[in-house]
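Written out below as structure tokens is the structure these notes cover.
Chain lettering (A, B, C and D) follows the sequence in which the chains are written, and residue indices restart at 1 in each chain.
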Amino acid sequence: MAKLNRLQMAWRAAQDLQEGMVVNLGLGMPVACSDYVPAGREIIFQSENGVISAGPLAAPGAADPDLVDAGSRQITIAVGGSVIDSTASFAMIRGGHIDVTLLGAFEVAANGDLANWDSRIPDKGPLVGGAMDLAASAKAVWVIMEHTTRKGAPRLLDRCTLPLTAPACVKRIYTDLAVLSVTPEGFVVHEIVPGVSQAELQAATGAKLHFAPDCGVLLSPDIADAG
Amino acid sequence: MAKLNRLQMAWRAAQDLQEGMVVNLGLGMPVACSDYVPAGREIIFQSENGVISAGPLAAPGAADPDLVDAGSRQITIAVGGSVIDSTASFAMIRGGHIDVTLLGAFEVAANGDLANWDSRIPDKGPLVGGAMDLAASAKAVWVIMEHTTRKGAPRLLDRCTLPLTAPACVKRIYTDLAVLSVTPEGFVVHEIVPGVSQAELQAATGAKLHFAPDCGVLLSPDIADAG
Amino acid sequence: MAIDKRITAVAEKLQGIKDGATVMLSGFGGAGFANTLILALRDAGPRDLTMVSNSATHLLGRTQVLIEANMVRKVICSAARGRGKELSPFEEQWKAGKIELEVLPQGTMAERIRAGGAGIPAFYTPAGVGTDLVKGKEIRRFNGRDYVLETAIEGDLALIRGDLADRFGNVTFRGTQANFGPAMATACKLSIVEVFATQAEAIPPERVMLPGVFVDHVLAVGGR
Amino acid sequence: MAIDKRITAVAEKLQGIKDGATVMLSGFGGAGFANTLILALRDAGPRDLTMVSNSATHLLGRTQVLIEANMVRKVICSAARGRGKELSPFEEQWKAGKIELEVLPQGTMAERIRAGGAGIPAFYTPAGVGTDLVKGKEIRRFNGRDYVLETAIEGDLALIRGDLADRFGNVTFRGTQANFGPAMATACKLSIVEVFATQAEAIPPERVMLPGVFVDHVLAVGGR
């Protein structure tokens, strides 16, 4: 069984980003996607603190503490980019001008419910950030997440057990085992990593899986994940 | 009886604008006020199409059709000014960031009701513009208007007869006969032009006038009104 | 293939505008009218349009060519009065009952358009409360003051005038060209901007006044 | 005497900030924190503050000095979680019931602040609908979708970081310094901006990012 590592998951999701799309990348695995966009494809990476078209991380020595993305990383502005304030940035998000938001998740339900903001850590304060605005209003919500918890419990469920970020919003899911979409019938599997059977994938999932007629193999290049 | 002409009325109102005030001037007599601000006093003249700090009209030959005020006049930007879009301009207006708006009026009532947008011209379309936003939200609404109609009927009334722009908003009125304020008790007269008695002013007014204890003489320099 | 929103002709881009569409036209006082695009829309000829424009009748803007061509079924504006005593083309058709009119306080109109682009379905505003203009609309009290509920306006097509544009669709404005343009671009399914000139090279970040995210096509027409 | 909003010391300007005041602090991810002004506010010492800031706990911003000084009664933010497993100063006081928390979707927070400065008492938004965060709030359906009613947030004091300012109070921002700053400036009775440098000469119109109309005082503190 060839589970993808975190960077490979980001790579796989990045392959589905199309020229000219306006894309918001969430913290964690999603932000790594910008490193794996196919060469020559121009994507507008929006960051909710007001960056329109974030470029690569700033080179050491050239980093500017006044220029950061929503993950507080010191970045650059891509050619053609600009900066707006928070109200304008969320007007853009809320108004449906983000083609895809790629978010991490704790759980996703078969109806597209997303839980990614409150994992119920005792005493730690809640962290909402921009996830609810993005999940509610992006044209498409895609999720990158491990298929199961570290203990092997499924994260793709009939119903979420954790507090929701937004109901019925997730359209596509990239896990370390498979690529799935959320349809009116529930989860549909489009690709599975080599060495995992449909039955094994179903066993790792907390909701009924449907398999696309052209369900294929989820392949990714070797990418070392130091993280 | 020394009625003020239109430019003298504008002059009188301009004397009450204080250093640093943010002031919006309506079409007609109000826009003339900017010509009569006492020397050395800096006023920020906002125009609702997005001009923050309009300067004088553009010189002939230097006029730029892309730079106009809300009266479609080709203007300049004053030192320290800038330009914003309509949504930002009305956010500024609606949010109470205009210290004074000086508007023309057909009628004002003793409770401060303002009627200045619909004079019921048959078949002509209605013209609201920014007056309702300004009247509803400026910190102070001042009016410049002739005391009576051309036929001598009063424009300062117990109740407006024309459709309202906003209720109970007017604070101060500059007419060709007097300077008045609107108080919880009704109209209070502060200055009257030479040669007009309190009784004559009352006779030209459609609501009871109160006279301030220090009611003075309304004087203005000679200004020729070509209009 | 890189992002390139520059076009050399607009007719084809307007073919998808159907009868009954809502069209937003920027412009205020002679500044910011996309007159080239408006004429192209007249030539495209969709009918029963709802026209959203600050004024139904402009002296310098060409908004009334759509009215004169009998393409407009409804006007949403803040100013519907033509200059002078004779009736404007809008007033003629309005008087004859051929055009419906929704007249709004200018700030309410601007904010409703912004709301349309910003995912806000409705908001409360003080403008117009206590006047005939809000008859039939919901009034609600917050902190001891009455406000009127106003809903978002969205459109099918925005025709906007700017100064410069780059291949990403980033736009700058001169003077007071912007006025309703940026908000209209956010509120419409298809947003086209005519500019003095276009360039392949990106406009510097700090000079961008309307981000290309909100713009579909830019057309250089000269005429600064 | 001309308009001049430049100040050389801020302590006196903060004397009017009373116990129970609402204070807005700009800043996001290390950019745009008015750390000099925040320390001055700590020294001024008003108590029972409501602190409006994107994050209750910043690594690079000094927002938590107000919390550590026991000056904050309530926090309105979108992020209340400290990094690492140990509790942040905010989390300690929150856990102990000493600080009330109102956590909002970041866009809702930004729009509520904008509304406070723009004379909009309330608006509807889709963010948070169907989640625990909108419990007790009014839900209303527009065009077949549910939205939540959110009200404006206004403040007594905004402390903002910019780059350059002129005597009119016009401000520019570098990089992503702006974030919540411009909206906060519009929403507060008193708005103070610390900048790298001030100048008597006016900032050119096309470079102004926060108009001086919304700014009461500007203080040069260096530190670019």
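For the reader, a short list of remarks on this structure follows.
What we mean here is this: a contact is a pair of C-beta atoms (placed from the backbone, for glycine too) under 8 Å apart; a residue touches a chain by one contact, two chains touch by 3 or more.
Owing to the predicted nature of the structure, the values given are computational and were not obtained by experimental measurement.
Here the CA centre of chain A is 29 Å from the CA centre of chain D.
We define each chain's centre as the mean of its Cα atoms; on that basis chain B and chain D are separated by 36 Å.
For the pair chain A and chain B, the distance between C-alpha centroids works out to 56 Å. Counting partners per residue, chain B has 83-84, 90-91, 93-94, 137 as the residues that reach two or more other chains. The set of chain D residues that touch two or more partner chains comprises 111, 114, 118-120, 125-126, 206. Contact topology of the protein chains: irregular, matching none of line, ring, star or complete. Interface note: chains touch in the pairs A-C, A-D, B-C, B-D, C-D. Of all residues in chain B, only 19-20, 22, 40, 42, 44, 46, 52-53, 77, 79-84, 90-97, 137 touch chain D in the complex they form. Residue ranges of chain A in contact with chain D, taken from their complex: 48-51, 64-73, 83-87, 89-91, 93-94, 118, 121, 123-133, 136-137, 163-168. Interface of chain D with chain C (complex): residues 111, 115, 118-126, 142-143, 145, 147, 151, 206-207.
Contacts from chain C toward chain A in the complex involve residues 1-3, 114, 116-120, 166-168, 170, 186-187, 202-203, 205-206, 208, 211-214.
Those residues of chain D that touch chain A in the complex are listed here as 28-32, 54, 56-57, 59-60, 78-82, 87-88, 90-91, 94-95, 101, 103-108, 110-111, 113-114, 125-133, 163, 173-183, 224.
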